[in-house]
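In the two assemblies presented below, subunit A is common to both, partnered first by subunit B and then by subunit C.
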Partner chain A sequence: MSYSYPDEKEPALKKINLTLNEGEFVLLSGVSGCGKTTLLRAIAGLVPDFHGGHLAGAIYLDRIPLTRIPHRQRLLKTGIVFQEAERQLLMNTVEAEIAFALENLGFPPALIKRRIMEVAAALDLTDCLPQATATLSGGQKQKVVLASILAWEPEILLLDEPTSQLDPVAAEQILNSIRRLNEDSGLTVILAEQRLERCFHLADRVLVMKNGAIACDEQSFDKLSHWAVKNETSCLPPVARLFAGCAFSKIPASIKEGRGVLRSLAPQGDFSPSFSAASPGLGNKLDAERSFEQPVVEVEKVWFRYPEGKEVLKDISFNLKAGEFAVLMGPNGAGKSTILKNLNGLLRPGRGKIKICGRDSKGVPVAELANSIAYLSQNPDDYLFLPTVREEVKFSLQYLAGKDDIDSRSDQVLQRFGLCRLAQLNPRDLSSGERQKVALAAVLASEPRVLLLDEPTRGLDYRHKEELGRILLEMQAEGTAILMVSHDVEFVAEYAAKVIFITDGSLLCSGSKYDMLSSSTFYSPQVTKVFRGIAQGIVTLEQAQELLQRILYHRQEAIPRLAGNAGTGEK
Partner chain B sequence: MLLDPRSKMIMVICISSLALIYNTPARLLQLLLVTLVLLFIFSFNLRVIAGYLKPFVFLMFFLFVVQSIFSPGDRVILALGPVSLISIEGVLAGATVVLRLLVITAAAMLFTTFSSRDFILGLVQWKVPYEIAFMVSTALRFLPLFRDELKNVLTAIQLRGVDLKKVPWGKKMVMYRRLTFPVVYRNMLKAEQLAIAMEARAFRAYPQRTYLRQLNLQRVDYVVILLSLLVTFILIMRYIG
Partner chain C sequence: MNETMLSYRVKDNLIHSLHPLTTLSYVLVITILSLIFYHPIYLAALLLPAALVIVSSGHYKEWSIYLKLSVSLIILIAVLNMVFSREGETILFTLQLLPGMAPLDLSLEALAFAAGMGLRLLVIITAFCLYSQAIDPDRILRAVAGLGKGKTVLAIILATRLFPQFLRDYRRIMEISQCRGVDPYHGNLWQRTGRLKPVISVLFSSSLEQALELAESMYARGYGSGERSQRQADLWHPRDFLILLALIIAFFCGILAYGQGWTAFNYYPRLSWEFSGSSILTLMTLSLAIPSVLNWGCKRSNSFLSKI
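Take a look at the complex of A and B:
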């Protein structure tokens, strides 16, 4: 099957041959723009029916060509959930939302009531049925969308990155409920997802897409990981990458399997003390050097509430020094974004004081604060309105950084962000990852002292994430203080230095990422989970690989000794 | 008070018709008071109404001034040499226009005392085609989204170092013109996403759809509807006649 969108020369899907079996849980991975979404749309019949374009070949459901199944029956067979729950909610209340599709399908009211009751119970939504959808958290909203699809009991559930907006706890809940439905009721699930660490272990089968074609299709995890090691390790979750990097022949897929392998290598013994002695944390050294400096951001006992609302921030205090890279983490709705907006003046604290570069921000207009404090919101598109990328950068330089030698400086900025190739293009024609980079270049053009980022890795594939991480580390090395809000534990573990946990508007705790992430249950990266109980303070992939190699080395040394002296056991 | 949304719709229509027919400030003021009492009965927070009206205060004042100046009248209050600027008739005409706007806006607030779903349901049960009812209610829901989008873009431009208060008017107009396109474009994207979501949930899959809820007119609804229509009819007759 091949498909091209109208007005596009390059086909979005190229000669795809694929058979999916009933009851399978299929994970669809690949970089953004590889055709995952289009493939899901094609199976749902939205392509070409809704979007137009040309489809060659055929899709069969139960051996009947999709084009020959009447529209209504096809609707009953498949259900599709998209990325942003916000944009899929059509009604005011949860009950009405779930009922909407059933009403459209002409179900009798009594049956509708029963289905709503059942699906709400299955997804733990019973209590919110009468609530307005606008009052729900992000995770609940996505659950409501899911419920509204599951209510008519489709045979195939198609999910297009359903957890990209959610915190790790909410994401895990949703994915677990989907897995349960798959196991209990034989629902076929096709899940497209970027964050493999969240769902890799749930899938029966993994498809990797590349440039509109299927590059790899494996049911056995061993074969997939061997393929991945040869071609692209990025389609493996961190735990598998860890073992693949150390040339293991059998690569574990889940944390549980990984722990099993580790346990067999190092049956006892805590490896962490010697480890931390071997490499004193780079971050600590920097912290010590900087402790005398004046912080660039000082937050003192800040309280905030929206008009006619309850307190969103309660007595928040923290500092940020030049060259620090801190992350605000916590559940959806904890007040993380509100903190950022208080810092850059979009919101003003009710009580408490905020100092930027030693100066009280009270009464300073947003535009003036923007000189020293750059902010990238969740929607980078808000920033882009000029016809070319170059003009976007020039605009910022003009307003933020005075008026001299704008041309040469904009060239510098473009070069630094790797945007020279795109300089003459319209930002709207770029991919979402590229657009974000342009917005980042635009706010950073004036070389501010502080950078605030709200969920910058949302919807980015690994390539763009790596690039973003590289740019952020560069900025940090030059002395920019970075404060980021993120749910992306793996990204934080790899690049950030300090973690601040926020719950319900209060500061819960803060510290270096090594302390904070390794002691958390949900907010810890996969490598930490794998090494829990074996070694502490393992947060980055590099650390983990180093440690694993050391364990292997120890073992190699130990084997001859063991053979000679069987009773003494291992070190 | 639990009234059927249709009863409230009838009330809004009656009040609005009266507001359009009445042409003196005194009558309109009476009508405004009645409307406010009605809103109070439906336990509507008057502070919220003030919040809704706040952005329009300037517009209303502007309308009032323009009407006062451009309505001709004999009893001159303020004159510039031989040219009369403001007359009593003009002031009355201005007050009429502003009061009329206020009455209609206040009456429309009654719509917000029930959900858009009930609005659709009410219309459908009065044989308005479902698609049209749904379209109207979705359009109403889309307006605030449009406003939010504009606000986001204006915020972003300040974050890029533009203090909108300090930018001269000519430049500001150029900037606004440039901002219009992305705002419209993104709203179209939003609308498209909404349309896909509707399609994915079987919107218009069948010519007939069912409804989980049924609205039933109670005795009190009939009373309210009949009374509203009767009172309005009598008032109009008396005013014209």
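Take a look at the complex of A and C:
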């Protein structure tokens, strides 16, 4: 099957040959724009029915061509959940939202009521039924969307990055619910996801897509991992990449398997502390130097409440020095984004003080603060309104950095962000990762001293995340203070230095990522979980690989010695 | 403009317990009559009961936001009408805007006409306020979906869903604009309008994208796939019939007054303060005030609501 969107020369799906079996949990992986969403749409019948375009070949559902199945009959078999819950919610209350599809499909009233009751109970939404959808948290909204699909009990559930906006706990809850339905009811699940660490262990089968085609289709993890090592390691979760990087012949797929392998290598758990990389010397040195510097961001006992709302921020205090890279983490609705908006002046604290570059931000207009504090919100599209990428960068320079030498300065910015080849293109025509980069280039063009980022890795694939991480580390090295809100534990573990945990508007704890992430249950990267109880302070993949190689080296040294001892004993 | 103005919140009173089509009928009667009435007393007679319904249903705060918005619009209408209207004979004062330019005569009639039209605007905005605050969008969509089908319902769903979203997006994009160093509140009107251009550009692009995503989500959830069912039909209570009867009386009173020419008003060339049909006007006003009277009764006695 091949498919092209209307007015597009290049097909979005190319010669797909695929058979999906009943009850399978299929993980769809691949970089942004590789065709994952289009494949899900094709299975759901949304292309070409809703979007138009040209579909060559055929899709069969229970051996009947999809085109011959009426819309309603097709829907009763397939349900699709899109990426952004906010943009799918239609009705005012949760109950009405869940009932919407059932009413559309003509279910009898008594059955509608029963299905609402059952699905709400299954997804822990019973108390929310009379609530307005606008008042729900991100995780609850995603659950409501899922419930509205599951209510009519489709045979195939198609999910397009359903956890991209969720904190690790909420994401785990959603994925566990889906897994339970897959196991208990035989529901066929096809899940497209970028954050593989969250769902890899759930899948029975993995499809890797590349340029609109299926590059790899494996049920055996061994075969997949060997293919990935040769072709595309980014389609493996961090735990698998850890072992693949150390040339293991059998690569573990889950943390449990990874720990099993580590335990078999060192049953006594004697790695820590001699091999632990918990004390990065360079980091400590930089921290010692910074301790005498004046902070560029000072937050002192800040309280904030929205009009007609409860207290969102309660007594928040922290500092950020030049060249520090800190991350605000915590559950959805904890107040993280509100902190960022208080810093850049979009919101003003009810009590407390915020100083930016030593100056009290009280009464300073947002546009004036923008000279020293840049802000990239969750949606990069909000920044893109000019016809070319070059003009976007020039716009920022014009308003924020004065009117001198704008042409040459914009060229420098474009070069730095690797955007020269895209300079004359319309930013809205670019891929999500490229749009993110253009928005970042636009806000950083004026060389601010502080950079605020709200969920910058949302929807980005591994390649774009690595590029973003590289840019942020460069900014950090140049002395820009970075404060980021993120649920992406793996990204935070790799690139940030400091983690501040926020919950219910209060600062829970803060410290280096080594202290914060290694002592957390849910907010810890896969490599930390693999080494938990074996070696402390392992947070980055590089650290973990270095440690694993040392372990292997020591084991190789120890084997002849042990063999020698054994030999002596025998004598 | 803010989201409070457009977001429905459930309240425990008689107005919120009405059948959505009853409340919709009330809004329609007020709007239709306001469009055919010219006489300021008749327009005021529509505004008064509508305002009573809003206040008694606990939406004074939201209504006051609408009122603030209306005042600026009314002032704009008055200024434009006084400057451009030449039909009035009672000259209040003469304005010399620029040397060499013909002087502008500002008349009492032009001012009165603007005030009359402002009053009409106020009635329509009050009716819209009642629609957005007192009618549950889910219930009205269910009711409307039962009456008709196809594109009209789709348009209503998208509009009711996207307009509050549009306001949220506007606010968010304005914030982003400020974060990029643009001060939208600085400079003269021309400069400020110029700075809004990028905001509007992003707003329209993202609204179109959102509308498409929402439509796709509706399609994927079976909208338009065939005949719909309803999990729960809204019940008709005696209070609905009582209010609908009052509305019929009010509507016929209004039509009668209109047919008799009592609702007309001569603003030009000279104001003529004629007024007729006081008994019909009183009956119409009292009929339109029935929902607020019933609501008041329910507040006084808990058992009253269950009786009606």
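The working rule: the second predicted complex is superposed on the first by the 557 of 571 C-alpha atoms of A that agree within 3 Å, B and C clash if a C-alpha of one lies under 4 Å from a C-alpha of the other, contacts with A are read in each partner's own complex, and residues count from 1 in each chain.
Methods note: a residue touches a chain if its C-beta (ideal position, glycine included) is under 8 Å from a C-beta of that chain, and two chains touch if they have at least 3 such contacts.
Because the structure is a prediction, the values reported are computed rather than measured.
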Side-by-side fit of subunit B and subunit C on subunit A, or clash: clash
Partner chain in contact with A:150 - subunit B first, subunit C second, else both or neither: neither
First (subunit B), second (subunit C), both or neither touched by A:207: neither
Partner chain in contact with A:134 - subunit B first, subunit C second, else both or neither: second
Touching partner for A:440 - first (subunit B), second (subunit C), both, neither: neither
A:396 touches, of subunit B and subunit C: first, second, both or neither? both
Overlap of subunit C and subunit B interfaces on subunit A (superposed complexes): 44, 46, 50, 71-72, 75, 79-80, 82, 84, 87-88, 90-93, 96, 99-109, 112-113, 116, 148-149, 152, 344, 346, 365-368, 370-371, 374-375, 377, 379, 381-386, 395-396, 399-400, 428, 442-443, 446
Subunit A residues within the subunit B interface of the complex: 44, 46, 50, 71-72, 75, 79-80, 82, 84, 87-88, 90-93, 95-96, 99-109, 112-113, 116, 148-149, 152, 344, 346, 365-368, 370-371, 374-375, 377, 379, 381-386, 395-396, 399-400, 428, 442-443, 446
Subunit A contact footprint on subunit C (complex, rising order): 4, 7-10, 136-138, 141-142, 157, 161, 172-173, 175-176, 178-183, 186, 198-199, 201-202, 205-206, 209-210, 213-232
Contacting residues of subunit A [partner subunit C, same complex]: 44, 46, 49-51, 70-72, 75, 79-80, 82, 84, 87-88, 90-93, 96, 99-109, 112-113, 116, 130, 132, 134, 148-149, 152, 308, 341, 344, 346, 365-368, 370-371, 374-375, 377, 379, 381-386, 395-396, 399-400, 428, 442-443, 446
Subunit B to subunit A touching residues, read off their complex: 115-117, 138, 152-153, 155-166, 178-179, 181-182, 185-186, 190, 193-206, 208-214
